[in-house]
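Order of writing sets the chain letters: A, B, C, D and E. Residues in each chain are counted from 1.
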Amino acid sequence: MRRVFYRNSNGKVEERGDFTGLSELLKNPHACLWVDLEGEPPEALEAVAREFGLHPVTIEDLVHRNQRPKLEEFDGYIFIVAHGLRSIQGEEVVTDEFNFAVGENWILSAHDSHVEAMKRVYDQVAAAPKALDGGGSFIVYRISDLLVDSYFPALDALEEEIDALEDDVVQRPTQGRLHQIFALKRVLVHLRKLVSPQREVYNALSRRDHPYIDPKSAVYFRDLHDHLIRANEIVESYRDLVSNMLDAYLATISNRLNEVMKRLTLLATIFMPLTFITGFFGMNFTAMPFTWNWLLWTTITAMVITPLAMLVWFVRSGWIGEGSTERGLPRLLAWLFPKW
Amino acid sequence: MRRVFYRNSNGKVEERGDFTGLSELLKNPHACLWVDLEGEPPEALEAVAREFGLHPVTIEDLVHRNQRPKLEEFDGYIFIVAHGLRSIQGEEVVTDEFNFAVGENWILSAHDSHVEAMKRVYDQVAAAPKALDGGGSFIVYRISDLLVDSYFPALDALEEEIDALEDDVVQRPTQGRLHQIFALKRVLVHLRKLVSPQREVYNALSRRDHPYIDPKSAVYFRDLHDHLIRANEIVESYRDLVSNMLDAYLATISNRLNEVMKRLTLLATIFMPLTFITGFFGMNFTAMPFTWNWLLWTTITAMVITPLAMLVWFVRSGWIGEGSTERGLPRLLAWLFPKW
Amino acid sequence: MRRVFYRNSNGKVEERGDFTGLSELLKNPHACLWVDLEGEPPEALEAVAREFGLHPVTIEDLVHRNQRPKLEEFDGYIFIVAHGLRSIQGEEVVTDEFNFAVGENWILSAHDSHVEAMKRVYDQVAAAPKALDGGGSFIVYRISDLLVDSYFPALDALEEEIDALEDDVVQRPTQGRLHQIFALKRVLVHLRKLVSPQREVYNALSRRDHPYIDPKSAVYFRDLHDHLIRANEIVESYRDLVSNMLDAYLATISNRLNEVMKRLTLLATIFMPLTFITGFFGMNFTAMPFTWNWLLWTTITAMVITPLAMLVWFVRSGWIGEGSTERGLPRLLAWLFPKW
Amino acid sequence: MRRVFYRNSNGKVEERGDFTGLSELLKNPHACLWVDLEGEPPEALEAVAREFGLHPVTIEDLVHRNQRPKLEEFDGYIFIVAHGLRSIQGEEVVTDEFNFAVGENWILSAHDSHVEAMKRVYDQVAAAPKALDGGGSFIVYRISDLLVDSYFPALDALEEEIDALEDDVVQRPTQGRLHQIFALKRVLVHLRKLVSPQREVYNALSRRDHPYIDPKSAVYFRDLHDHLIRANEIVESYRDLVSNMLDAYLATISNRLNEVMKRLTLLATIFMPLTFITGFFGMNFTAMPFTWNWLLWTTITAMVITPLAMLVWFVRSGWIGEGSTERGLPRLLAWLFPKW
Amino acid sequence: MRRVFYRNSNGKVEERGDFTGLSELLKNPHACLWVDLEGEPPEALEAVAREFGLHPVTIEDLVHRNQRPKLEEFDGYIFIVAHGLRSIQGEEVVTDEFNFAVGENWILSAHDSHVEAMKRVYDQVAAAPKALDGGGSFIVYRISDLLVDSYFPALDALEEEIDALEDDVVQRPTQGRLHQIFALKRVLVHLRKLVSPQREVYNALSRRDHPYIDPKSAVYFRDLHDHLIRANEIVESYRDLVSNMLDAYLATISNRLNEVMKRLTLLATIFMPLTFITGFFGMNFTAMPFTWNWLLWTTITAMVITPLAMLVWFVRSGWIGEGSTERGLPRLLAWLFPKW
C-alpha cells in the first residue's frame, strides 16, 4: 500500500492517490513530497526507487531489507535504516524495519509491516500545514520517535521477567530456569545488536551537518539519541543482571551439592558404625558372650543414644541446618529433606 | 513549593513570593533571577517552563523526570540533569534528581524531593550579594557540590558492608551471603550508571567553552569532575572486590565439598573393611573355626588397631586436618566436624 | 594461468594472450590493463611484478602469500590483500586469498586457487566496454564483492550448526559435544581474525581519498564495508552464543551431578536403615526374642512401609522428580534413571 | 616541619629558617623559592597556601590530602599530586602523598610523612647553585624520581610472593592460600588505582606545553612516564598471574575432588561385592551347602584374588595412580593416600 | 666487543679497529659512522655514549638494559629499544635486547648477547657501498628485520605445543597438563608485553616524520610493523586457544566426576538392595521359612537376574556407556573402567 502526501508552494498539504508528474513536482523547490510504501512487493519498490533516482546500492538495500540500522550519504539524498521493536516472543525478537531516503524536498519511507501508530503521523501531516515545511526531517523524526518509543515497553516487560526469574533461580534452580536464562541472554545479544548502531544513526543526525536534514530538528534527534543511549544502558545493565543470575544459579547448585553431600556423609557417619556393631555381634564365634543379656541391652542403648547424641551435636554446632529458623527435630528434618 | 531570588541591577538580592513581570526582569541584562521549584505538579512545571521559553524537549524532560545525568545546549539556555544519592536501602538506590535550565541572566532549578541541605544554599544566596553575579553558574555549582558530596558517605557505608561481608563469605558461605553478594552487585551496576554520565557532565562544564557558564567557575566544576572520577574509581574497585568475593565464595564451597568428600571417603575406608570382616565371620560354613578363641581375639584386636593406625597415619601425613593447630584426637574431631 | 584484458584509448576491451610491450601500454594514459594471475609459480609472479615496477616488499608479499587482509600505499600503486571464504571443514577455515596491485591505469590481481565465480567477472569485463574506464577500481570492487559474499553462506551454515548444537548440549552433554563447542570456538577465533582487518580495508577504500581508486566507486566499497560490519557482528554474536553454550554445558553437567548425588543419597537413606535393622536381628544374642513371630511381621511391615512412605513424601515434597510431568511410580522411575 | 630554600638573583642558594617578605621575594623574577612542608597541621598549611595565593580548591586539596594523582592548572601555578609507595603490609598499601604547587619562580611541596630519601634532595639543592635555575621543575623531577623509584622494590617483593604462592597453590590448595590470593588481588586493585593516573600526570608533564615547567626537563618527565608505563604493565601482568593462580587453584581442587571420588568408587567397587558374598553365606537357609568345605575355600580364594586382580588391572590400565613414578603396591598406596 | 664501520665522503665503507677523531668525523656531513657494541661492560658503554653526546637519560637506559621496546626523540638523535626472541625455555622467555641511537650521520647499536645473524649485516655493510648512504636507517631496518623474524619460529613452535596439548587435555586431564597450560599462559603474557609496544615503535618509524630516519625506508618499517601486527594477532589468538584449553580441561574434569559418580551410584543401586536381601535372610527369627528350598532358589535367581536386568536396561536406555561403540558386556566394562 502506498500513501502520498504533497505540499504545494502555498504550503497546503494534500493526500494524493499516487504520484504522477514526479519530475515536475521535484523541480519545484518550494513543494515537498512524502511517499510512504507499506508492504510493497520488490518490483514496485524498485520502480519507485528508480523514479526518485536512487543509487543501485540503495535500491538493493530497499528490496532486500534486513539491514542493520545505518545512515548513508549519497549524491542527492541520505539513506536511513531504523528499527522499531514489534515484540519479543520467547527468544525471537521481531522488529519493524523502516527505510528512509530523504532528498532536498522529498522523502521516501518504506516498511514491510503495518504499524498501527503510523496513522497518527498520517493524520498529523494531513492536518498540520507546516509538517512538510522543513523537507523530510519532520517525517523522519515523527516516525523515528514511534520506533524508539517502541523499545521501552518491551524493555520494561523484560525487566519484570528478569526480576521474576531472579527470585526463582535461587529458590528452584532447575534445568528449566537455565533455559530461561540462556533465552534471555540471546534476546539481549540481539537487542544490543539493534540498539547500538541505531544510537549512532541518531547521534549523526543530531550533529546538524547533514544535508537534507533541517538544522532546527537536530535538537529532536538529539533527544532520540538520548533515549537510545538510555535504552542501550538498560540493555547493558540487563546483561549484567542476567550474567549475575547465571552465577547465582551455579553458586546455588554448588551449594545444594554441598548440602546433599553433607547429608550423605551424615547418614554414613551414623549408620556405618551401627552396621559394623550389628555385624560384630553377628559373627558366629562360639566364644562370644551371646548369653550376657546386659551386653545386649548396653549395645542397644548405645545404638540409640550415640546417633541421637551425634545429631544433637551436629545441630548445635551449626554443622547442619545452619540458617534454619526451627530448632531440634524439625530443624533436622527440614535440613534432611528441604522442600526443593 | 517555589522560591524566587532576584538580584537587581544594583546587585541587591531579595527573595520574592513569586515571579511577576518576568519578561521585563529578563530584559534587564544586569539583573539575575533564580527560581527553584520543589515538588511542583507537572502542570505548574510546564507553565513555568513555558514562561522561560524552554524548548518542548526540555519541558518533556522536566515533567517526566527519571532522566540520566546529561548536559544539553539549546538556543538561549543550557539544560543540566544531575543526581544526588539519597540513600541505598537494600538493593534500592534512591536519588535526588535535579534539573537545571541556565540562561543568560536566569536559572531555573527543579527537583521533586525536599533536600535538607538546600537551605544552606538559600541562605547563602540571600546573604551574599555577589552570589548571583556570574549568572546561574554559582547556583549550579553550589547545588552540584551538595549532590556530589552526597555520594561519598554512601560509598563509605558500602565499603564497610563489603569489608564485613568479605570475612563472612569465607567463614560461613551460606545461601544468604550469596544473596548479599548479588544485591551488592546490583547496587553497583546502578551506581555506575549514575556516576559515569554525571562525570561527563561536569567534565563538559569545566571546559570553559559553555555559554551561560561563568568561565571563572570552571575550576570549581573541574573539582567536582575530579570528585566524580574518584567516585567512579571507587565504584569500579568495589565491583572488582565483589567479583573477587563471589570467586572466593565459590572456591570456599568447592573446598568444603572436597573436605566433605574426604570425610566420607575416610569413613568408607575405615568401616567397609571392618564390615567385610564381621560379615566374613558371620558366614555359616560349618568348617569355619568358630571355636578358635585366639582367632576371635586377634580379629577384635585387628579391628581396633587397624582403624586407629590408619587415623594416626592420616593425621601425620597431613591428609586430614592439615592446617589445624591442634594435634592428635582433637585434630581428628575438629576435622571431622568443623564448626561451620 | 594468466589472463590479460586490455582497453585501448578508444575504450574497446580485448583479451590478450599475454602482455607484451607493457611499458608502451602503460605510457598511454587512456589505455587500461588488467592482468589476472591464477596459481602461477613464485618465479612467474616475481617476474610479472618486476615488470610492473612493484616494490620489493610487495613482491615478497605476493610470492609468500598468507598475508592478513591489508591496504598499503606505495609510490605508483596501492596494494590490497583480501580473503574470500572457500569452506569451513571441521576446525579448518580455508580461504581464497587475493592480492591486488592497483596503479594509475593498470591492475594486477593474483590468487592461488581457482575461484569459479571469477568467470562472471571475466565475461563482464570482456562484454562491458566501460568496465575498465575508471582504472582498476571496478575490478577490485567486482572481485571483492565475490569475496565478501562468500562469507554469508558459511555464516548461515555455522548458525544452523550452532542452533542444532544448542539443543543437543542441554539434552546430551557428552564429551563429544564439548569437542564440537571448542571446534566452533576455534573457527570463530579464525573468522574474526579474517573479517575484522578486511573490514578496515574496505572502510579505507570507501573514504574517497585513495589515489588510483575512482571516487565514484567509493559508494560501492562503503557497501562492502557495511556487509563486513554485519559479518563481524554476526561472528561476535556467534562467539557470545558459543560462550553461552559452554556455560550451559557446564551448568547442565553440574545439574546432573547434583541429580546423581541426590539419587545416591536417596538410596543410602532408604537402604542404610534397612540394612541396619536386618543386621540388628542378625545378632546372635540368645536373649533376643527371635521366637516372637509378631515382631518378625512388624519388622517386615516396617521394612516395606517406611521406604514407600519416604518415597511418597519425597515425590510429594518435590524433592525428587520436580519438573516431571508424570506422577506416582512412573515419576519415581523416570527420576531414578532418566534417559540420558 | 618546614624547610625553605631561596635562590637570589645571583644564583646563590641559601636555606632559611622561614619565609618572610614573601611578596618582595616573589616580585623578583630572578629569584626562586622552594618551601617544603612536612607533616604540618592543616591550619599552618592553609596559612602558607594563602600567602602563595593558592585557589580555595587547591587549599582544600592540600589540607584534606587523600587525593588521587592528578595535574591541575590554575591561574599562576600548576598543582600536582603524586604518590610514592611506602610499604605493602598484607592487604594494606601505604603511600607517601606529595602535593606540589609550582609557580613562576617558586615551588611549594607538602607531604605528611617523613621520607628518608628527601634528605638527598635537600643536600643537592643546597649544594648545586643551579638547582633552582629552571624554577621548580627540577625539584618536582627530583622528588618525583624518588616517588616513582619507590614502586619497583615493592613490585619485586610482590613478584617473589606471587612466585612462591604459585608453587604452593598447586601443591597445597588450602583455604589459607585462597586468602593469600584474594589479598594479592586487592593489593593489585589498589596499585592499579595508584599507578595508572600517576602515569597520566607525567605524560602531561612531558608534553612540554605546561607553563612553569622548564621545557628542558620534559625529557626527564618522559623518563618517569616510561617508568610508570612499565610499573603499570607489571601490575597488569601480576593481575593476569594472580587470576591464573585462582584458576589453577580451582582446577586443582576439582582434580582432587575427582581423585577422592575415584578412591571412594574404588573402595565401593571392591568391598560392596565382597560384603554381598559374605552376606549371602550368612543367610540361614537350611538347604545351603554350609558343609561343603571346598566351597568355603573357593569363596575365600575368590575374596582374596578378585580384589587383587582388580587392583592390578586398575593400576595397569592407568585408571589409578597415573602419573606416579612408582609401580605396584607402593603406587597403589601413594595413590590411595597422597601426602596432601 | 666493538665493531666500527665508517663511510667517507666518497661513499667508501671501511671497517676500523676503533673510532678515533670522532668529532671530526661527525663534523663531515657526508661521512657516516656505525658503531656496534656487543656485550661491552657498563663503563665502556657509558664512555662511548658520552663521546656521542647522548643524554644522561639515554645513557642510564643503555647501561641498565631491561628496557621495554620504545622510541624516544632527543635533541640530535632518536633512541630505539627493540627485542628479538632468543628462545622460550619452559616458562622462560629469553630475548636479545638491542638499543639504537640514531643521529644525523651516525648510528650506535648496543646489545649484550652475541647474535649469530648479525654477521650477515656486517658483511652486507662492508660489501655494499651504499649501505650507509641514508644515515643509520638501513642499519636499523636490517637489524630490526632480524629481530622481528626471530619471533615467528618461536610462535610456530608454540603452536605445535598448543596443538599437542589440546588433544592431551581432553584425553588425559592430569595435574601435569594443568601445569603446562599455566606455563603457556605465562609465556603468552610475557610475549604480549614484548610484541605490543614493539609494534608501536615500528608504527612510529613508518610514519615518515621522524628526523634521522630516511623517508625511503618508511615502507620497510611499515612491513616490519605489519609483521608485528601479525605476531600480535597470533599471540592473542593463542591466548584465546589456551583459555579455551583451560575451559576444556575443567569441563572434562567435571564430565569425569559425573561419570565417576554415576558409576558409584550404579554400584550402590545394584548392591545395596542385594545386601539388604542377604541381611534379611540372615536374621535369626525362628519363624522365618529357612527350610523352604524353593524360596532360597527364588532368592538366588532374583539376585542374579535383577542386577543383570538393570544393567541391560541401563545400557539400552543410554544411561551408561552412551557414546561407546561397543555393545553388551564389553560396553559395560569399558564404561566401568575406562582407560584414563
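Keep this in mind: a contact is a pair of C-beta atoms (placed from the backbone, for glycine too) under 8 Å apart; a residue touches a chain by one contact, two chains touch by 3 or more.
If you're wondering where the values come from, they're calculated on a predicted model, not measured in any experiment.
Participant: I need the rotation angle between the copies subunit A and subunit E from a CA superposition, between 0 and 180°, in steps of 5.
Facilitator: 145
Participant: On a C-alpha centroid basis, what's the spacing between subunit D and subunit E, in Å?
Facilitator: Measuring from centre to centre gives 24 Å for this pair.
Participant: Using Cα averages as centroids, what's the distance between subunit A and subunit D in whole Å?
Facilitator: 40
Participant: Pull out every residue in subunit C that's touching 2 or more other chains.
Facilitator: 250, 254, 257, 261, 264, 268, 275, 279, 282-284, 288
Participant: By the document's touch definition, which label belongs to this structure's chain graph: line, ring, star, complete, or other?
Facilitator: Shape of the chain contacts: a ring, since each chain touches exactly two and the loop closes.
Participant: Taking the contact definition as given, in what order do you meet the chains if you travel the ring from subunit A through subunit B?
Facilitator: Traversing the ring with subunit A first and subunit B second gives A, B, D, E, C.
Participant: Can you name the residues of subunit E that touch subunit C in the complex?
Facilitator: So the residues of subunit E in touch with subunit C come to 170, 219-220, 222-223, 226, 229-230, 233, 237, 240-241, 244, 247-248, 250-252, 254-255, 257-258, 261-262, 264-265, 268-269, 272-273, 275-276, 279-280, 282-288, 313-314, 317-319, 322-323.
Participant: Which of the residues in subunit E come into contact with subunit D in the complex?
Facilitator: The contact residues of subunit E facing subunit D are 55, 57, 60, 68, 70, 72, 74, 172-176, 178-179, 182, 185-186, 189-190, 193, 246, 249-250, 253-254, 256-257, 260-261, 263-264, 267-268, 271, 274-275, 278-279, 281-284, 288, 290-291, 293, 295-296, 299, 303, 337-340.
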